[in-house]
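Dropping the structures in below, format is structure tokens.
Below, subunit A partners subunit B and then partners subunit C, in two separate complexes.
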Partner chain A sequence: MTPRLTSTAGLPPLLACLGLLALWELAARVFQISGLPPAHEALRQLPALLADREALFNIADSVRRMAIGFGLALLLAVPVGLLMGRSRLIAAFFNPLLMIIYPVPKAALMPIIMLWLGVGDASKTLVIFLGVSLPVIYHSYQGARAVEEKMLWSAAAMGMRPLQRLVRIVLPAALPEVFVGIRTGLVLALITMVTSEMIARQAGVGNILFNSLDMALYDTVYAMIVIIGGLGFILDLLFERLRAWLVAWAEPVHQIAVGTS
Partner chain B sequence: MMRRAIPETLLGSLPVVLVLALWQGLTSAGMAPPSLLPPPAAVFSRLAQQLTDPVFLGHAATTLFRLFAGFTIAVAIGVALGVLATGSRTVGALVGPVVRVLAPVPKIALYPAFILILGFEHASKIALVAADAVFPILLATYQGTSAVEPKLVWSALATGTSRRKALFTIVLPAALPSVLTGCRIGLVISCIVVFLAEMISSTNGLGHLLVYASRSFRTVDMFVPLITISILGLALNAGFNALRARLLAGFPEES
Partner chain C sequence: MIAIEGLSKSFETARRSSHTALADISLNVAAGEFVSILGPSGCGKSTLLYIVGGFVPPTEGTVAVNGKPVTGPGPDRGPVFQEFALFPWKTVLGNVMYGLLERGMARSKAEERARALIGLVHLKGYEHFYPKELSGGMKQRVAIARTLAYGPSILLMDEPFGALDAHTRTGLQNELLDIWERDRKTVLFVTHSVEEAVFLSDRVVVLTRSPGRIKQTVAIGLSRPRRRAQLLVDRRYQTLVVDIERLMDAPEEAP
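Take a look at the complex of A and B:
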């Protein structure tokens, strides 16, 4: 087993956070530019921001949209990916379309989708849905493709129907890989959410960020960045816990989630 | 095999054709007004026209410059840190937790900070591209270099090869497939991020063209930059795959 870059847990990430904050504080003191307030001034804004009813409402609203888009994407993407992995024809049907969609910046669809669906929740949720679907489909596809054929043959011999086999054999066998996709999807959901709000500039976390920037409230800008960063880290951590609990039997996949909309 | 390959390509082109047909159908049946969904012919002829327009090409060149500047920085930092993290315990112990914390953070949230520190011009966009592309490259390099058979390095060192030479003649070539995979992912990410950054705040580049068109409700001109950047992403991806196949000629292919 090769040593993993990511196998450290618990204290070291906390130390890394403190180290990054110290580095930021130091850089702010050395360079002395108004665009980079020291870390402690930004952190002082955190309680005020988190106690502000409107800001909190905006954050909660963003997270709600993210959860809906993410959930809908899972409902569609996991079955599609699994079916692609088990049927050559289905894979051949979807692969070229997915390959074309892959390099499209999903959050960039925001202005066009807003023309059709308005500025409300529907367009933002749809963009998040699009952003999450692709990695989840891809990893479910890879997972289902790698399922041991013999298990499926024995199941068929024992009289399991195709749908039963998909749910009772392919899904559990592919689950570790599916979870890799879901983890990437979760990070992407957050990225797409923030990006689409930055582009649409209507409401939500991304909007607070750029409004504070326009009003030259630099401390708030940085405090908001810390909140979004923390949100990403915590969501990823929680999901990793959930994954470890659900697929404890599988080889640990210490893959750090990376991705972008 | 060949007999099977042709129907599969046909099958694969079916959804693409269906999407185009639906798009054409919606517009010609008058269900979607051209101001909301312009007919495909209008979009593609506008695209062809723009591709010969020096102003449009200038914006595309700006985008490409930012893309490659950011990507190059990401490759340099990612490969260097990845190799160092494998080669030295101290660096590994330092880089590991920092990467663990920063990788799931949405880098786009750092964009306002980059704007404040580096200004509204090229630098902030290049920094964002580099910040987003560096992680897949770093992780792939780390995974590639830590999977190199240690015996290869030991025997080279035993025969008197310097550590630096062992790095360039053994570790990096052996890790090349993984490094290049990371770079390809990083390249597509760069392509997407540069466009988004230009949409959020810019006065030039392809992303700016989309936002600019949307402010004046010129729908056709909103589709053109989006299609251009997607084609660019596809082309870069395909080009990089070709380069990878050429560089890796003779390597046993991993799936």
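Take a look at the complex of A and C:
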């Protein structure tokens, strides 16, 4: 890469965003649909939304649920995935379960979960938890499975017991792959956060979004979509920073092998 | 020191048939002896090493180290693998210290010992490098230092220089002999290179192709310390290499 390109790393994504806004504005003006207000009208709602106590409370409420669901999912999914990767018996037990659950859209489970847990926090958090768990389990499993046997043997020769090896060898060795799963999980957390609120509306981002939709306040709807997108962008950016810092020692995960080093 | 008695190993293959990798291996290795296991690829020579290490159980037979039967891995037997198997999230220093901290040594003392070993394998200045930043030869030096650190009385070396280029390989062979001359640990060294086996060893055990049986054991009577430049023009060295190569090529007698 030339120095000129690296010095303007922020430019291409900025151009992409501006291009998208321009397309949106143009489409709104050409098609004149009430459901598609021009970009500038929607964006004008942003400061109002972000300054509104009620709206901020809703956003914070969503993010809180997402954080709890996401956190609980990591606590469960990482150990389960790692154990599956190192024990054929545990993998044989969990694999069919995961195969069944994975393709089911988690939001589709929402009505059933609401029958058990009501329309409150518990249902929405559980849906987020399910959405996040699966990719994290899957990638932790793959990561743990790929840990070099000889690395574990080296640790065993030093006197390390199997459980210690799981925590102190398998976990760090699999961490780059685990993070791939967590990143996917983060995106899914955001998606399930919104869809869960679409079905059980009380408070939250989805609540504002879908209530505005019902009331045909389309500029607010689009402003909310922009806010959700922005939230995802910021979370992903923060996560990538954290990841780069924690696994700086790792070879790039998607490395193309050319020759030997 | 190492007593291997009637050892056999069979695997279940994917097609559910049984494959015998090693058959009826009996071998004694004395304390301080450098013994190489030499054989064609697929003869189970690495498997033999893994069984002595306690990483893989034998199908039949026993291995005892200092009179005690081997039931699992232990810090008395330090492995060095062809794949290096370094901990990639640890620096050079962290890797070499790992076993020492694991054995309960105080951090400051462990670091002191690790730094000395890093000097011994000529990696001074690389203490804070991560494995991905090192060449293959440097990685293997770290792996050797990491294993030497916790003071195993036996080194189990599984084609340690097999993944390295010829130049690095001979360099590391020389360094290994220098290190070995200092305290003459017992070494079991697996290789498919005849020159390497003859250059390093007191005894070379030649295995047959699958299943691996002991074809012949050859004593290498060359004096120590050995210098490569002298050995290469030494008639006895040349004869040993040629004889063992012939031995490996010779058709196998039916058992």
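Annotations for the structure displayed:
Simple rule for what comes next: the second predicted complex is superposed on the first by the 242 of 261 C-alpha atoms of A that agree within 3 Å, B and C clash if a C-alpha of one lies under 4 Å from a C-alpha of the other, contacts with A are read in each partner's own complex, and residues count from 1 in each chain.
Quick note on the criterion: a residue touches a chain if its C-beta (ideal position, glycine included) is under 8 Å from a C-beta of that chain, and two chains touch if they have at least 3 such contacts.
In this text, all values refer to a predicted model and were calculated from it rather than measured experimentally.
Contact with subunit C, but none with subunit B, is seen for A:Trp153 once the two complexes are overlaid on the shared chain.
Residue contacts after overlaying the shared chain place A:Ile112 against subunit B, while subunit C stays out of touching range.
Of the two partner chains, subunit B is the only one that A:Ile100 touches; subunit C does not reach it. Of the two partner chains placed by the overlay, only subunit B lies in contact with A:Leu36; subunit C stays clear of it. Contacts of A:Leu20 after superposition: subunit B is touched, whereas subunit C is not reached.
Set against each other, subunit B and subunit C differ in how many residues of subunit A they touch, and the higher count belongs to B.
In the superposed model, A:Val221 makes contact with subunit B only, not with subunit C. Legend: residue contacts after superposition of the two complexes on their common chain; A:Ala173 is shown touching subunit C, with no touch to subunit B.
On subunit A, the patch touched by subunit B and the patch touched by subunit C overlap at residues 260-261. Put simply, subunit A touches subunit B in their complex at residues 2-3, 5-8, 12-13, 15-17, 19-20, 33, 35-36, 88-89, 92-97, 99-100, 102-105, 107-109, 111-112, 115-116, 187, 190-191, 194-195, 198-199, 209-210, 212-213, 218, 221-222, 224-225, 228-229, 232-233, 235-236, 255-261. For subunit C in complex with subunit A, the residues that touch the partner chain are 50, 53-55, 72-75, 77-79, 81, 83, 85-90, 98-99, 102-103, 130-132, 135-136, 143, 146-147, 150, 152.
Contact residues of subunit A toward subunit C in the complex are 148, 150-151, 153-160, 169, 172-173, 175, 247-251, 260-261. On the side of subunit B, the complex with subunit A involves touching residues 8-9, 11-16, 19, 36-37, 85, 92-93, 95-113, 115-117, 132, 135-136, 139, 142-143, 146-147, 185, 188-189, 191-193, 195-196, 199-200, 207, 210-211, 214, 219, 222-223, 226, 229-230, 232-234, 236-237.
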